[in-house]
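Got some structures for you, see below.
Two complexes come next, and they have one chain in common, subunit A, joined by subunit B in the first and subunit C in the second.
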Partner chain A sequence: MSPQRASSAGVQPLTTVGHPTPRIDAVERVTGKARYTNDVQLPGMLFARVLRSPHPHARITSIDVSNAHALPGVKAIVTHENGQVVWGSGSVAGGQQYSDEIKKITTHRRYTFNNPVRFVGEPVAAVAATDRHTAEEALHLIRVTYEVLPFVLEPEAALAADAPKIWPEGNLAVNNRNEPQPQVQRRGNVEEGFKASDHVFDARYSTAFVHNAQMEPRSAVAQWDGDRLTIYTPTGGIANCRTDMARDLGIPQEKVRVVCQYMGGNFGNKNQNQDADLIAAVLAKAAGAPVKLELSRKEDYIGMHGRWPTVQHYKIGVSNDGTLKAIQLRGFSGMGPYRKNSGAIAGTELYQCPNVESIVTPVFTNKTVSGNYRGPEFPQGFFGIQSMMDDVAAALKMDPTAFILKNMTRKFRDDTPYTNYSLEECLLRGMEMVRWKERWRPAGTDNGRLRRGLGVSFMAFRSGVGRSNAVARVNAKGDYTIHVGVTDVGAGAKTTMGVIAAEALRVPLSKVQVVWGDTETCPYSVGESGSRTTIMTGYAVIEAAKALMVQIAEQGLPAGDRVLTASSNPNPTVQGAVRNAFGAHFCEVEVEADTGRVRVTRYVTVHDCGRIINPLTASSQIVGGATQGIGMALHEDLVYDRRSGVPLTPGYYGARVMTHQDAVAIENVFIETDDGYGPYGAKSMGESSKVPAPAAVSNAVFNAIGVRVKDLPITRDKVLAALGGRA
Partner chain B sequence: MSPTISRRRFLEGTGAAVVATTIAGPSGAQGTADITGTPPHAPGARTTRISLTVNGTARQIEVEHRWTLAETLRDHLHLTGTKIGCDRGECGACTVLVDDTPMYACSQLAIWMDGRHITTVEGLSANGQLDPLQQAFIDHDAPQCGFCTSGQLMSAKALLAANPAPTIDEVRAAMTGNVCRCSNYAHYTEAVLAASRQTDRRRV
Partner chain C sequence: MKAFTSVSPRSLPDAVTALSRARQQGQHAIIVGGGSDALALIKERLIAPDLVVRLTGIRQLDGIARDSNGLTIGGETTLAAMARHDELRRAYGVLAQAAESVATPQIRNAGTLAGNLAQRPWCWYYRNGFTCFKNGGNTCYSAAGENQFNAIFGGGPSFIVHPSDTAPALVALDATFRIVGPKGERTVPAAQFFTLPTVNPARENALEDDEVLTSIHVPAAKAGMRSLYHKVMDREAWTHAIVSAAAVLRMDGNVCRDARIVLGGVAPIPWRLTEVEKLLVGQTMNDALIDRAAAASTTGARPLRNNAYKVPLVQAVVGRALTDLRA
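And now, the complex of A and B:
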């Protein structure tokens, strides 16, 4: 299936780029030959399992592993007493784990095993045995005594003066200078803005913890050869994972090899190492044998990370004609007890407004750890602010598209121009597709059992250029090889790199081989996170190809067994402009007034992701992201028991991810552009379609029932409560 | 031998002369991992020898009573195309055909498989020839990360065997036990419908 595509002027057709191309590794993916981490079996390999805390906050007073050690088949056991390694990227000041400087100053150290334990699911011990059942049995034989401590689950409650302290300094997460300060952005003066407004509105919105829930449960295989470590692990960034492993284990980078050939989904915060990698490495060293550590689905849900839950208080000042005068956000993000990432809340930048103040406070809680999940701070913030603005438009009796067209960003923060601007085109195109002007009716017009609604949202999303590396080679037969440090987490990066290389080298794709997923054979490449792979590594591929073609022009193809090699390390920048991807989503719903059931009946997306390198895989990315966003809007939640602090719904059933029968057909149009940056003008894509989706669904439900459900997910009970409250 | 051949037809074709071509099972002493990376039996574990047919090949294997079919296929028969996504009957990544019926291999014990015929993703293509479903999955970019793909294929295979021309709603209903977190559901259903049209044409 090819998506519809509309080209803006200036996008010249190319030979290989821009044509629907099946993945170069598609046969491996449909025959079971693709080798994922857990498919690795090594001679003499042991199996490892992790014992996890049943308490949300507790001090370990004793831990007795003697019975477990005595079980035949058990080869090694590690706990906080004998296997404590600093996990540098597990918790860092400000959540900026990619910076060595920030790592040095951080005071909130997270170890592979911590005492006290601070969330249900935190590792307490790990066992390696000759088979997984013996390892599991051994976990039951470890005797741990805990001194149970008071806990706190919600970010606002965690800031109360009498809240249990998760860290000695308190629960306000520190910034990257180790200061307990919220993240503050200001322009203009909001108080002046409110004074100058005809109307001032305020409201509170919240979003839930949503897990990445990639299909591949985490595992890691560690093998030592003397002082050299090979680690097979699902990582989106083999190079960053290697740096992390070397730093945490205190060994030189050259002694670490990271392999990830196939990865069963990423969706965020995997451009690094994980505690499972370190635990596997420590166990393998202790046992003197290779170790495969496996996490169960439940452990993956509560032991890794998911999207940080947020509380967002907005105060909006607006004039009679709907022009924004002031935007104020006071936001709180629940980070769990460790700062795995930023905890930011995006969205104020979507609007033109002279007076903006955003104060976001990431807070430590005793829930599972929060981290990046597909557009880390965007879907939450875009849901909050675009629901708020939709409510403001309704209060002013304005068509929401008119409100958006009047107030949406035209320059970045009203100041810096964009490299190209297609946001208005995206909106107008989508309005045409759903026949908005004919079909939109004010919120709550329907009064029957079945209430129909139409909602809109939009996005502007970072699409920056930056440094990456690639190596290109050619042999005497004219076969080309491209070496890139990508792992292909599912988005199709390997194929994208091949297509870009074929275009740049002016050869058919069949003449290009891509080498990937192994630090032994690949140069450093920016890892697969932040929708950067195509833009940054794709650009490096073009530069390497160009350099190789210069050599070929000068020397001809190499003779015999010789190869020509060219490498590139470009670091392009954008001068005097901001590079963004743009898009608009339109959602139609039917709400059953008697049951509260919401059904998405039509979903239209329009995206400017620059030039589309491979329309086939691009449409998969857009459809998948939007569908995940609908799930976040309507179902997904990790529910906690408030009295025990235990997560109740870790898993696919409990957290209610989208299934075949939930999924709707997503109609997508690409507005193709070429702003002269990136590989042939390609912009960010992987996160694009996720970030505006919850807002579009929220606005459609509001339009259907005339009442706003302000807390995600929009489940039946909340819809019924909203309708009951109105009657 | 056709990977989808029924058990009855298989028995008719080969009579009683079914010879176990492989005796799989832990070869190392108890408590030591063997050189292939196959985990050994746990010390003292209760085991039973079973005979089953996997992708048309008769196999015998000494299984621990607690082994699931999924781990037996992956760890002991080295058929790692079957993936374990949840190991508790929620996601369908481990779906295989047991006597032509799609089942979650994580929720079947290996000892229940004595005398059964199992088809895994490795059994779908014969002699390097892809099954029409596999080709349709490629053409429609159905797999993204690919981790749920084997299970999606096996559910689709069973559906088309029972219903060669399903409607889109029938495809969704038959495959709704197969979660795809990349959420490429539309591409999966389009691929199954395309394969069904192709198979239908060949039948006519």
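And now, the complex of A and C:
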């Protein structure tokens, strides 16, 4: 699985950037020296556990904590009665970074402890005790009486006139201006488009709730020193977590320190604070001692967030030659009872089309909360629309690659050019690798027990530039230090920053030390979300390095104990163009017609992520993202009992997360480009590999069996039902 | 989890005494082997024992011994040891393969044969703490709930499926289970060890609370015996069978002289296909016979709302098992 690189014209080789570089913290990570949040031990530290709602919707009429308090070792108990803090970024942000302005206007407040509770797993109380077992035992001594309320689980059902109201205003999720409005995008006129079409197709697709499932179990450690709070927590954004904590607790930012040095995976919605951080802080204050709050895997599944499930109704108008005339999407996203993130459904922007109408409605439900997970609105939407288009191509008896090449985006929303355009090259290169022309056959050609299929999907994904900070220092010996507010969620950002700094400073990587993951020692960083760290903070590193080199040129290296310091705060923009990363995925499957088993037999990815800074970690990103996408396509689902509203499959076992045995060898080629933006032309990467994967798998299964499984995940029961329906 | 005391007796009488004494004192005592299932149940608070009696320290319960009548496998033999045992692999492929198909290497290294046979069901409702038959209640939530993995045979009033992989293999091999309790020792044929919910919907087998499943005896392999275990999962590792088939045939050339076909994952007990067996015995194994056997394998199946897919799946698995054994 060694990475292949296919350099394009215009990418000049560099000295340190672009060479395979092992992670600078690899040894600490694999020898157990790396201190993850849950490794933090403080003198006198207490352990905390959370009591969670067993009901999907209920009013708490009383909480009696007296028996729990009486248990020896219990030091503090908080509930909605005595420990309620607004958790701003837990709701209402609707895809925006939480801010003072949003806090002012919101009517949908989410607290650390809410009454009524609105999903199974919502925190009701928390206990800090001298040890874990005492804390857990104390939870079972808390007596809560609930007035059980009616609940609703599915987004379309939640919009029915007689559906139980989760908020007084109704179940249509409000945006960050309190407006209960769907997200609408229009160009042209779809009704005219349908009239001008030779064929009009419509179909419904759906995707399931898929949990981020990062390896590291969640925990938070809070310590007060007078009015100063230190919080150790697995966050992808120490800077944003700090501002969130300060705002929610009503204390100045300078009084909050956030530390996150090592993480076992991010995968979304961690560029902020979490309720666990606030609960730990409130308990630590109440107990007068440091508190470590730990979540079990099950609590993480039901209590935090995962990818929002969607229902997508498409109507597509097309001419006889396969040219798109109109695209209409009516989408519904299940958000749980709080709007932790946007609930958007991406995909219509992938096609050239004069008439497009996308109306996506995020809906409150009494399931667990939906949030960002690696390409928040993309894998769902790309699955839906690219399955739909694949079906349209099949109905027109067209090769799907011909359909894509005819209709795929060439300019952003058909009017703004891209900074560079390599989508066609990605597709053609992948077609060559899988020998598409020779090997592709129309859907359902195989009739035997083993049915082979080949599927394709493609992606274009935002790769914008933007503000971040870095500080560069040098001492008398010529040792360089780079301070960046990244936390290294697992993608290798620390190494990436070191490599970029070494290149910019024209020194070997060994001369550069990276300081990261602590608001006390690092400047603001945009945070590791949205595939932005390399582009934005990496660019700030170059700017800081350049500024430092100017100082060195002017003054020489400092003498004695002196240190030269340069900082940067660039805020670059792209003018008159849209910056995207591009890619194409090709999936081959073998479906056993008698058992419904789907086996991915080959998986090929081709990506333009701009210049590759470190081929080793870049490949890992592609392999990891594609693997998650295959898991979303074939396996994972948080199944709910429809009668009780209780989630039945929380955790790695129940949700059928892929094991190493299930993982497929991902073949991966980079088409390197340099459009002049970002650090040495690097583009976004972290989400690129995930977003087209479910569509590629869906199209491969369709090609194999000749029937579309329209609802993810494509499990054995659905495959057998599809095949049975055809027989 | 609730705090508990753990003891590791060195002998079987000590273990039985510890259990009886604890119960006389009103304590909730359980026995465990590797503990992989028990610990999960304790953590989820599905059980809250005061005393955990670990059997893995009792030497005589661990190991595989041969005699003229067959093999005796100690209840505390690990699944990993079974999977790599030469004679099991050679003469009782169905059992070695079943042991090897369980969960993950970690769990097979800790998990024991007795524990695998006596593990509690993995029905979502039971494991999520619903007050069902298995959790002291008097209803089965899967019957009208999310029942994609539940029973298509033998269900009612509980619709769990028996989760053990080694159980269908041992029923197919006509094994005998040795059980020791305060009243002494008894032996039970494998097929009678597992009990239907109509007998007692709260339990899956004939073990009393203070009894220990000490060993399993499999009879000597007869000439011409061939066997295999075929397990269908919804991922490649670490999950229970959606459907499995343990098949043991005694062949004389192309003619089937004896047959045992037992399904896993489809019923509250290992589900023996007696009618299919009858159809095979005395017949020449050919495609037509295998097709008839496969078609007959789901006679009497009563799928629930979400598990009708198990019907064609059972037919496919039975057909494939027989085809592979003929080859």
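Note that in this section the second predicted complex is superposed on the first by the 719 of 727 C-alpha atoms of A that agree within 3 Å, B and C clash if a C-alpha of one lies under 4 Å from a C-alpha of the other, contacts with A are read in each partner's own complex, and residues count from 1 in each chain.
Everything below uses one rule, namely that contacts are C-beta pairs under 8 Å (C-beta built on N, C-alpha and C of every residue); 3 or more make two chains touch, one makes a residue touch a chain.
On a predicted model such as this, the values are computed, not experimentally measured, just so you know.
Shared-chain residue A:Gly444: touches no atom of subunit B or subunit C. Residue by residue along subunit A, subunit B and subunit C are tallied for touches, and B comes out ahead. In the superposition on chain A, contact is made by A:Asp717 with subunit C only, not with subunit B.
Residue contacts after overlaying the shared chain place A:Met658 against subunit B and subunit C alike.
In the superposed model, A:Ala213 lies in contact with subunit B only, and not with subunit C.
Contacts of A:Thr595 after superposition: subunit C is touched, whereas subunit B is not reached. Looking at the shared chain after the overlay, A:Pro354 reaches neither subunit B nor subunit C.
Of the two partner chains placed around the shared chain by superposition, subunit B is the only one that A:Thr31 touches, whereas subunit C remains out of contact. When both complexes are overlaid on chain A, the residue A:Pro164 reaches neither subunit B nor subunit C.
Touch criterion met: A:Tyr262 reaches subunit B, while subunit C stays clear of it. Counting contacts by the rule stated earlier, residues 133, 137, 653, 658-661 of subunit A appear in both its interface with subunit B and its interface with subunit C.
Listed in rising order, the residues of subunit A touching subunit C in the complex are 133, 136-137, 140, 592, 594-597, 635, 639-644, 646-649, 653-654, 656, 658-662, 715-717, 720-721, 724.
For subunit B in complex with subunit A, the residues that touch the partner chain are 31-45, 64, 66, 71, 74-75, 78-88, 90-91, 93, 120-122, 124-125, 130, 134, 137-141, 143-150, 153, 171-173, 175-176, 178-190. By the touch rule above, subunit A contacts subunit B in their complex via residues 1, 22-23, 26-36, 38-39, 41-47, 72-73, 130-134, 137, 212-217, 262-267, 289, 296-297, 489-492, 616-617, 619-621, 623-625, 627-628, 631, 651-653, 657-661, 663, 665-666.
Interface residues of subunit C, counted against subunit A in their complex, comprise 1-3, 45, 104, 124-125, 127-128, 130, 141, 144-146, 148, 232, 234-239, 242, 306-309, 312-313, 315-317, 319-320.
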